[in-house]
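Each chain gets a letter, A, B, C and D, in the order it is written, and its residues are counted from 1.
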Amino acid sequence: MPRLVIHRLSMAHPGDVSALAALLDSGALAARTIRAVIGKTEGNGGLNDFTRGYFTQSLMHLLSRATGEAPESLVARIPCVLSGGTEGVLSPHFMVFAAEPGGGAEGLAIGTAFGPPVAPGDVGNDAQIARVAAATRAAMADAGIEDPARVALVQVKSPAGGPGLLLRSVAGGAMGAAFALGDVPAGAARGAALLKDLTLFSSRVSASAGVEVVRDEVVVLGTAPGWAPGLSMAVRPMADALDLAAIQSAFRAVGLPADPDVPSAQRPRIRAVLAKGEPDRGLTVRGQRHTMLGDTDLDAQRHLRAALGAVIASVAGDGRVFVSGGAAHQGPPGGGLIAVIAASS
Amino acid sequence: MPRLVIHRLSMAHPGDVSALAALLDSGALAARTIRAVIGKTEGNGGLNDFTRGYFTQSLMHLLSRATGEAPESLVARIPCVLSGGTEGVLSPHFMVFAAEPGGGAEGLAIGTAFGPPVAPGDVGNDAQIARVAAATRAAMADAGIEDPARVALVQVKSPAGGPGLLLRSVAGGAMGAAFALGDVPAGAARGAALLKDLTLFSSRVSASAGVEVVRDEVVVLGTAPGWAPGLSMAVRPMADALDLAAIQSAFRAVGLPADPDVPSAQRPRIRAVLAKGEPDRGLTVRGQRHTMLGDTDLDAQRHLRAALGAVIASVAGDGRVFVSGGAAHQGPPGGGLIAVIAASS
Amino acid sequence: MPRLVIHRLSMAHPGDVSALAALLDSGALAARTIRAVIGKTEGNGGLNDFTRGYFTQSLMHLLSRATGEAPESLVARIPCVLSGGTEGVLSPHFMVFAAEPGGGAEGLAIGTAFGPPVAPGDVGNDAQIARVAAATRAAMADAGIEDPARVALVQVKSPAGGPGLLLRSVAGGAMGAAFALGDVPAGAARGAALLKDLTLFSSRVSASAGVEVVRDEVVVLGTAPGWAPGLSMAVRPMADALDLAAIQSAFRAVGLPADPDVPSAQRPRIRAVLAKGEPDRGLTVRGQRHTMLGDTDLDAQRHLRAALGAVIASVAGDGRVFVSGGAAHQGPPGGGLIAVIAASS
Amino acid sequence: MPRLVIHRLSMAHPGDVSALAALLDSGALAARTIRAVIGKTEGNGGLNDFTRGYFTQSLMHLLSRATGEAPESLVARIPCVLSGGTEGVLSPHFMVFAAEPGGGAEGLAIGTAFGPPVAPGDVGNDAQIARVAAATRAAMADAGIEDPARVALVQVKSPAGGPGLLLRSVAGGAMGAAFALGDVPAGAARGAALLKDLTLFSSRVSASAGVEVVRDEVVVLGTAPGWAPGLSMAVRPMADALDLAAIQSAFRAVGLPADPDVPSAQRPRIRAVLAKGEPDRGLTVRGQRHTMLGDTDLDAQRHLRAALGAVIASVAGDGRVFVSGGAAHQGPPGGGLIAVIAASS
């Protein structure tokens, strides 16, 4: 029976996996127990962000040395979901999710699944939605979660699809997972609705896309029988990029005081902070004009990550926040969602 | 006897002063009472940010039509302190400070002063420090403030000085005002200490620099006899860019609940939110590495404004925050300061 | 009878019209003879490029002082076509086109026209094509050009239309002028073809769009009876962004040696260099992959202007090149066009 | 006896070494003959350009599989000199320099050398100059070149040194090699002169710096006895970024017609095009103001590479140009140098 363990590690640059190497070398972590990696690298988060591929290559070479398994094999069974862009106070880091021996009546569980290889351009459509929905169900089964209500968060990573398709691919991945959870009805979860009908969303889905993956990758986190207790997870929708109350609520729900921020003595209990958000398409936030969507020099999602990431970090008291832009169908329109995982006190 | 009135106005683009024109046309504001303008325009905040010059030209033409006074004369007597850069959720806006007839025992006062024309490159040195210190004293006298302890904030704008001198000019302006307030001792306030000895600072000085001004411009805000009551102002140092507690403290000090944010019913009482901050030169925030100072594509101050501005806006519940980077000698190193002005309830 | 005179002037910043003020003050140029201004300002060339509006405001205020006519009136009769972006070796400058007394049998002529005010979003469609076609015919008539074959170049500036519409507006303006010249047949010049059917183009049309204009503005240059001789103009299509031979051909066609560049003694004869180009959508230039269209940090048109502008400047021996991106329907796909005007030797 | 062979290869992204893998797999190239790699990756060319480290890691893993030698060993004996930034028409590519069996009376030779590991910050000073000078001499000896006059080009790569030191490190590497060649006298080649006395330069040195290297790496190309004929190399100084005549001269010197560009039938003979340049610090090019050094949004070297790279590519007829910014002490001030290698016809 398994016990979910999460290591939150820093990196000096996108090819630096020395913190993980040290854990493996010391015996504190066994490479074969690693189920997924979720991280934030210091690229620009866009089509030409190669920090994600660089990190993935470095990670898989390290794990290959530790396990004797070929990198090509590892990359096809361990999801490595990276979001580029550590604007503002955000700090490059990665979280290693391992299923160690142990177990209990019920606890936070992880499940993963990969879709089939994706042909270039085959994203942002009905096919991607179906592929990701199937992978989400497979990941739930892998975790031992039968009831979608017990899923806390689905993390999706899809191929970028090519120039002009990046945000469509994010949206397609989100819609597929939202449909699998029952948060969006079957008839509505269609390619034609992507990036258009923003009333269709799940506040439990976080999706991204990148050139460094060639298949849809899904990580499911939720409560399942047989897993050891010890980790708490909470997810909250955010109404907009200034939703300080929702952020505090997520931290408090896992037992962390946030008044206004998590006290330094409690911060080591934080295992993961994950968020999605995006610039409001109405071009205003709480009635005041923002300029994120019309800046020729600075990508809108870079604007957003810097802003939303800092608000969350100001509550966490820590810049290691996985915040990703392009939140269509992930949380309320113009807003997003936040997830916090903490060790029980 | 005067009464300080502050109008906080939005703009559709950097040349848009229509909100002020409407106030003047309606008679709600008399152009001759305007003493200073402080605003945030949507440029990049750097050497080639021309949104500030565009706004200044538009403003002075409007005031010229309203008063019959030449733009060249107006620009030499009404400080127009602009900070470029509305990254993230920040919203372009400007605050018009007017001294209307009225008065009382004691209240928030404004005073302004201009230094002499500055030769190119004559910034970031002893001469600038002396010039700005003298202008600060003149602005205090103009406001009727004798005791430096009664000064809440000195806002300084200096010429940019040329390529490579921008941050030195900001530092020199800050040091000059800090010296005039007595927050930095005379012997220490020297050009050689600029950008080097960051233990020298005032938490009541906000400085910036730009190509659109040719003389040092100073605005002093503080408490003086004879001015009408009705406005409260609080200033707080921030220890770092995540100092949520200090931000809430500033809002609460002017009587605005901030739990965690200012409730929507109270937000109309906000007259001005001004802040300074900068990327920590130790390359970490609370022990975690940040990437602001090594990004070839995105200016460090743009990173900072997006992050710090969002944290402040999340408490104010409003993106109209004047936040400016380059905070050397303005608040603690790696941190900065925040000022809030609100109408009494 | 008129004589076309072109003054090519430098500027120290986007609000600097002092070079023109000096010409007006000295009597070398009479303000009432000015027919159009075409220039290059140092913004980013995108939706949030306010350097164009700033220059236009500065220009119209100067001309208002010189003529006594209101700025609002001047801006509605003198086209001010600006392209933002002086990447690389490009140098900010503007060209003042004046029709002075004089005349002759036949010479280079200028004509201008304005369309009606454009509702937001009403660009990139059949309506814009019709509006610009009509304005082009009006400008031809204004110049005294009956035969479209005698038109050398049509310069179009249209409103930006709003977020996401900028390049559609450029395309619509180009198609309208191309149709008026007969370079694109009537049935083909439709909104549905914009940015799609790139086989539809004119190599005599240069279009741009910006937030600073509210009506379509058209300037026609060509040969007409009654105008004085003395200026030569040549226009050439460019096959791609490396078409050095076409560039040299344009210079040689107006009598300037270009072997490989215009000798310094001949450079003062250059009156205007105007070009259009864009990143090849096939993602290659001469078979080698380019990265212009997938760069999250650097706008594709900024890439293009830096590259193409430098190639042209290396032949001209001078960075004062009006080069504008977004060349759909202007010259061959992946290429563009170049126009040179020079004083006869 | 050796024969220098150069393969110029394209890449689909910075981790793509498949073109080299194909050469190795086919037997067309033996991995053990590879002496150096010089390439251009599609990053931003600055401190946070990780495309260079990504490529290096990918390359060394490939060579490790082909040779059985550890990547750590390969990276310490095969220089991999990468310049980030393929702005404009530039195309990502890399050149593999191999010394195959063969030989002759005299021909183009290659030699390489590595300096000792460099402590952080130990660049841009006398120590780096001495280190690089020693490595240059060692590389000359490795190539079999005794007379410095027979050196065509020294390519240097040094560690970046940390924030604010990048351009100092480039300058230090250049000065060290220039001193070793005798192009700068011993007394003048000092840390104090770096980036200051630009009259000290060599037109045969191309230097760069990056976070991905930890030691100074030097590649020398020149004529030496015993090497096979078959490759011609020419190097020319460029007076400024528009020096079209110098560029054509370099191509013609290796027997390639350039009138104005290399005809398509001759282009396959090109083996390498390498250049250095930088924005003129006088803020003008041929008397006209440029804006490269005051752009907050776009790095000056990105401006420069886009511009200069396009001018060179327009002559080569090919975007595969290794052009690198930061040319202090490399060619005349405000200019730079260009090197061309071609197969004999």
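In the analysis below, a contact is a pair of C-beta atoms (placed from the backbone, for glycine too) under 8 Å apart; a residue touches a chain by one contact, two chains touch by 3 or more.
Everything numeric in this text was worked out from a predicted model, so none of it was measured.
Q: Could you work out which chain's C-alpha centre is the most distant one from the centre of chain B?
A: Of all the other chains, the one whose centre lies farthest from chain B is D.
Q: Between A-D and C-D, which chain pair is linked by the larger number of C-beta contacts?
A: C-D
Q: I'd like to verify one number: the distance from the centre of chain B to the centre of chain D, where each centre is the average of its C-alpha atoms, in whole angstrom.
A: Whole-Å distance between the two chain centres: 47.
Q: Which integer distance in Å separates the CA centroid of chain C from that of chain D?
A: That pair's centroid distance is 38 Å.
Q: In chain A, which residues are in touch with two or more of the other chains?
A: 42, 44, 48, 291, 297-298, 302
Q: Enumerate the contact residues on chain D facing chain C in the complex.
A: Contacts found on chain D: 10, 12, 42, 44, 86-93, 241-245, 248, 260-261, 285-286, 288-292, 297-298, 302-304, 306-311, 313-315, 317-320.
Q: List the residues on chain C that touch chain A in their complex, please.
A: 44-49, 163, 283, 291, 293-297, 299, 302
Q: Which of the residues in chain A end up touching chain D in this complex?
A: 13-15, 42-43, 48, 50-51, 53-54, 57-58, 61, 211, 297-298
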